[in-house]
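Both complexes below contain chain A, partnered by chain B and then by chain C.
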Partner chain A sequence: MTVAALDTRTEAMEHEDARDSRKLGFWLTLPAQLLVLFIAVFPILMQVYISLTDWSPLDGIDWWQAHQLWNTFANYTDLLEDNRFWSALGRTALVMAICVPCEFLLGLGLAILFVDNFPGRRFLYSVLLVPMMVVPAVAGYMFFMLFQSGGPVNDILSFFTGSPVRIAWLSDPDLALFAVIVSDIWQWTPLMFLILLAGLVGVPEDQLRAATLLGASWTTRFITIVLPRMKTIIIIALAIRVIENFKVFDNFYIMTGGGPGVATETISIYIYKVTQQELIWGYVAAVALVILITLSVVSAYAIKRMSRSRELSR
Partner chain B sequence: MTAIHLENLSKSFGAFTALKGMNLDIADGEFVALLGPSGCGKSTTMNMISGLLEPSEGSIRFGERDMRGVPMGRRGVGFVFQNYAIFTHMSVYDNLAYGLKATGVAKAERDRRVKDMAEFLHLTPMLNKPSAGLSVNILQRLAIGRSAIMEPAIFLLDEPLSNVDAAFRAVMRTELKHLQRQFRQTMVYVTHDQLEAMTMADRIAVMDHGKLLQVGTPIDVYNNPSNVFVAGFLGSPGMNLLKGMIVRTDLGMRADLGDAGLSAPLSSAQEKSVSDGQAIVYGFRPEHCQLTGDDGIRLPVTFVERIGARTILHLGNKGASIKGVFDNDVVARSGEIVTLSIDHANIRLFDAGSGDAIVEAR
Partner chain C sequence: MNRSLPFEIFRYAAILSLVALSLVPTLWMASMAFKPIAEWSATGADLTWWPKSPTLDNFRFLFGESSSELIVALDRTAGQPILSSLLSAVFGTLIAMISGTSAAYGLSRFGSGGNLPLALIQLRIFPPMAVMIPVMIMWAFLGLIDTWYGLALVYGIVTMPFAFWLMKTFFDDMPREIEDAALVEGCSRLRVFWKITLPMMRPALASSALFVFILNWSDYLIALLLTTRDWVTIPVYMASLSSSMTGQLYGAKAALGLIAAIPPVILGIAIQKHLVRGLTFGALKQ
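Showing the complex of A and B:
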């Protein structure tokens, strides 16, 4: 084959090639697409269907016959007036607004400390990652014990104040929220730290040196070089934590069961309770669908922002 | 603009000594190239001048000012990195303005200086473009401009041409030399490429294994290398170096070069500085040998390399291997045995033990 022979290829031939590779691509991804169909698309369609009915497993009819209990958009209009739903949603947002920034700032601070070498760095690094590897339910039980009125937290406070402290952490509405937030921060700061450290290590050393030689202080360098360079990774870290935090369940449920009252009831706990205790599945399907759509829109927006910032920094 | 004085400068990293006892005075406005192979200590020297590393021993002075303990941001040193270290997330303008902004120069003044610098370096048309994706010669000018705008006393350049292809390197060399003439700043240029050092520098400092071997003008270092390393490192191809021994013959002192035979008699000046039986290295530049029918070094041709303007003959066998540069119409074939004559004035003798040049007695 010579170069000249290669040059004789026509546009039609190339077109045919492209069509062939598209066809091949279709067959190669077919099994995965079928799988996605069964684990994602099918349940969602089922959920949409049920959400338009009053169906409950107690009604004695199978779910595909739920159309007998058709109520059109009644579940969705009920949702608008469901105060417990809105307060759970607001509480989830509040928890997120406290947890994610705290985790971010702590993680960033730790990452800055760990980017330079110091004695014992490797050991401390491993220790710092432990919370992230604890099963959330176990972490929840751990904090449940810690925050008992006769538990270690009160003991430590007693030691420092000099008088016996007996705070009922998990039965006071405000303190219970504080306690569950602490457990979330404890567990997820390491993930933030890990991602941000990776980002920090990726900041080109030469650029930092160049900035130093141009007379920039540490703060100036951090704001003008480090943060812009880490922008993408910061957005990813925040997006992961926002999405995860929105779904928070295990440790909250184990520590307080959403209580006292509804003081720590997040949206996941709310959905769980309505599903398992009140068994109104048609309504639950509607709630879950609304949340899924909201979360999808938010993450799609974040991802779009993310890819735009990458284009800029290239 | 400042002179740089390095006095007995040394640096060790644990047990490894990267640089030992370096003494070098760089005059105000001078362009000095630190030349040597990887690991010779040239980058260590530069990092100590910039303040990134503190010397283990010795001192660095800029003019009269001792630089010990002065942090790198306050040394007034401009640094051009090997990969230019352009802030690719900023525009060309922001790159140029970075140092002025960081040191709190007022906006109006900053704007004026950035525009002047951009004008000077022909960067005005791309001032508002993102700096990512610019071509290498623009990046180089930008990197220089970004440092020069701070009006540094000293400019340090760390192999700025090493990731540019050969053809483009020639263009950039010329450009860089022009810029240096216009800025009239003290420049220290680190490179492992002897051609860059030869073409641009006022003086070359050749280094190897953490030691400064020779300092001088390019021509001086090229013509009178102080030891075998410098002789072999400079020039492309480098100086021919043949091991031999001084022998006394009826016609005077000669060098017995083993397989290459006996050299032509040494000059009277050279004769006086060597002794009978002394082990020496006999050196001459490839471009200084002629083919002759007379007496001289006799070696077989192993390979004829025609590079266009010139023809390089690879001569010798396992014991002695040299190169000769001739006109492109030279008649020679592989396997043929040729005789070389070298003018007295172009022969350099080195002591085989120390490697140092044998200074001719006058």
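Showing the complex of A and C:
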């Protein structure tokens, strides 16, 4: 009916409508465009400018006059020799290399257990999502309490070993790194679980049933039917966690402040500390820009590849 | 898939132990929030897992009432940080939803927006710490440091990509026949959007707004950078709670943590259905 109705519209009306649509589309997207301009484009230009100077908020020089402290590319060459920066970057990669696979495997395992219905499924599902919704800074504080030397983790260990355990988790460099990683896995395994379960539930049941009738074992079915169907979803889930894990700040900073020493200093904590404590903002701007440019290039490439493979699969 | 009895036993054992693990940290904080100062940490050999003499002193302390045991006085109560968190998260959500929803409609129906979608994905990928330096300078210049509206503006921009992608998928899902019928009746495009599409989208708008609110409420880093005293949010205030006399104010912090943790958990469970869509930027629908 609507198609027939549309056909009766005159060409002039169509033309007018197209113009109206364009106009309305422009005005509707304008606020978002302006906000992006305001927080992304303009600040990044500003950051490029400041990164070429020795500017710091304590100099008493307004930022637009930072050219008085021009140092060309000194910040960028300093960066190459900044061991603290490179070790923070390496530590971020290490944390990611441990957290993301653990979260993925735990989440996938849980998702497999949740695929078909059982009594209490809905309730347990909701309960499992709770960690993900706790404010990350609060989660950091929870784990700060758990890992105190007089805290519950040591209490449980004492119970099992039979002698009082007083490990100072957060003041030993290796143990502190372990503790912050545990807090990350605790908080974000539910996210993997949620996304992977949505993917598993979407695998067509008739295919699985057919395969079962043909005598395929659970493992074969999983590898030949489920995994290929889940490919995109797995990539999305991993990509989200890699992106978020790279930014990690809140729970780590609350638990250890990046310490002891620099033992748990990730890239975000490094930038924060240099900004707040050493106040050399020209240099920090350079560090931040290098990260932003790298991420833009990598993400633009990844998005292009993903949208291409999506078009191919259609 | 598999239905044998040993498998069922294994399934329940595995799930229940993981559920227990995922609840312990939250329960520990909840129990800490009701513990009197004597039970805060294990000085001797035994640790109290459940408050022996539960008390509301920690909550009273947060709101400025000094108790017999906690003689330290706070220089400011938790009231203002709670207000700050609420105001900045609510107004940040409004900014994100208004700009994100209209842009999503523009893109979904008229293909407007150019490279906005890509820009918004990249905005999401950037670590906030790496874009905040110029923002801090700009905010200082504009006098927006330590104000709830300055914070709300940043929240609005940071979470707008989520509002945009969520609403775009909802608009894409909506059948166009109804809109087309109204157009034939002679409604203008804008009127159709305002009078027909938006009212139909009410549930989608509500769950997107709640999702964005949770994100804003959960922030710590941005508030840490942009507020200094008067308008610090709950997490920033919580981190500053410690005193030279009692050291870490475990109980009081736990009470505040509980206050901060409750809204997102309840709202998150309420919008469970749309969580996957929101978290994956609309790439996946449950």
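By definition in this document, the second predicted complex is superposed on the first by the 271 of 314 C-alpha atoms of A that agree within 3 Å, B and C clash if a C-alpha of one lies under 4 Å from a C-alpha of the other, contacts with A are read in each partner's own complex, and residues count from 1 in each chain.
One rule holds for everything that comes next: a residue touches a chain if its C-beta (ideal position, glycine included) is under 8 Å from a C-beta of that chain, and two chains touch if they have at least 3 such contacts.
All values reported here derive from a predicted model rather than from experimental measurement.
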Clash or fit: how do chain B and chain C relate after the overlay on chain A? fit
Can A:A210 be said to touch chain B (first), chain C (second), both, or neither? first
First (chain B), second (chain C), both or neither touched by A:A88: neither
Between the C-alpha centres of chain B and chain C, what angle is found at the C-alpha centre of chain A, to the nearest 10 degrees? 90
Considering only touches as defined above, state whether A:M255 meets chain B (first), chain C (second), both or neither. neither
For A:L124, using the defined touch cut-off, is the partner it touches chain B, chain C, both, or neither? Pick first, second, both or neither. second
Is A:T220 in contact with chain B, with chain C, with both, or with neither (first, second, both, neither)? first
Now for A:A179: first (chain B), second (chain C), both, or neither, which partner does it touch? neither
After lining up the shared chain so the two structures overlap, which partner does A:L295 touch, if you call chain B first and chain C second: first, second, both or neither? second
Greater chain A contact set [chain C / chain B]: C
What is the contact status of A:P228 with respect to chain B (first) and chain C (second): first, second, both, or neither? first
Taking every C-alpha pair between chain B and chain C in the superposed model, the minimum, in Å, is 11
Where on chain A do chain B and chain C both make contact? none
Please give the residue numbers of chain A that touch chain B in the complex, ascending. 204, 206-207, 209-217, 220, 224-225, 228-229, 312-314
Chain A-touching residues of chain B, taken from the complex the two chains share: 50, 52, 72-74, 77-79, 81-83, 85-90, 98-99, 102-103, 130, 132-133, 146-147, 150
Mind pulling up the chain A residues that touch chain C in the complex? 2, 5-6, 9, 17, 20-22, 24-29, 31-33, 35-36, 38-40, 42-44, 46-47, 50, 57, 63, 106, 109-110, 113-116, 118, 124, 126-139, 141-143, 145-146, 148, 150-152, 155, 164, 186, 189-191, 194-195, 198-199, 201, 208, 218, 221, 233, 236-237, 240, 243, 246-247, 249-250, 253-254, 267-268, 271-272, 275, 281, 284-285, 287-289, 291-292, 295-296, 299-300, 303
Interface residues, chain C side, partner chain A - complex: 1-2, 8, 11-12, 14-16, 18-19, 21-26, 28-29, 32, 41-43, 45, 47, 49, 95, 98-100, 102-103, 105-107, 109-113, 116, 118-131, 133-138, 140-141, 154, 156-158, 160, 164, 177, 180-181, 183-184, 188-190, 193, 214, 217-218, 220-221, 224-225, 234-235, 238-239, 250, 253-254, 257, 260-261, 264-265, 267-269, 272, 275-276, 279-280, 283-284, 286
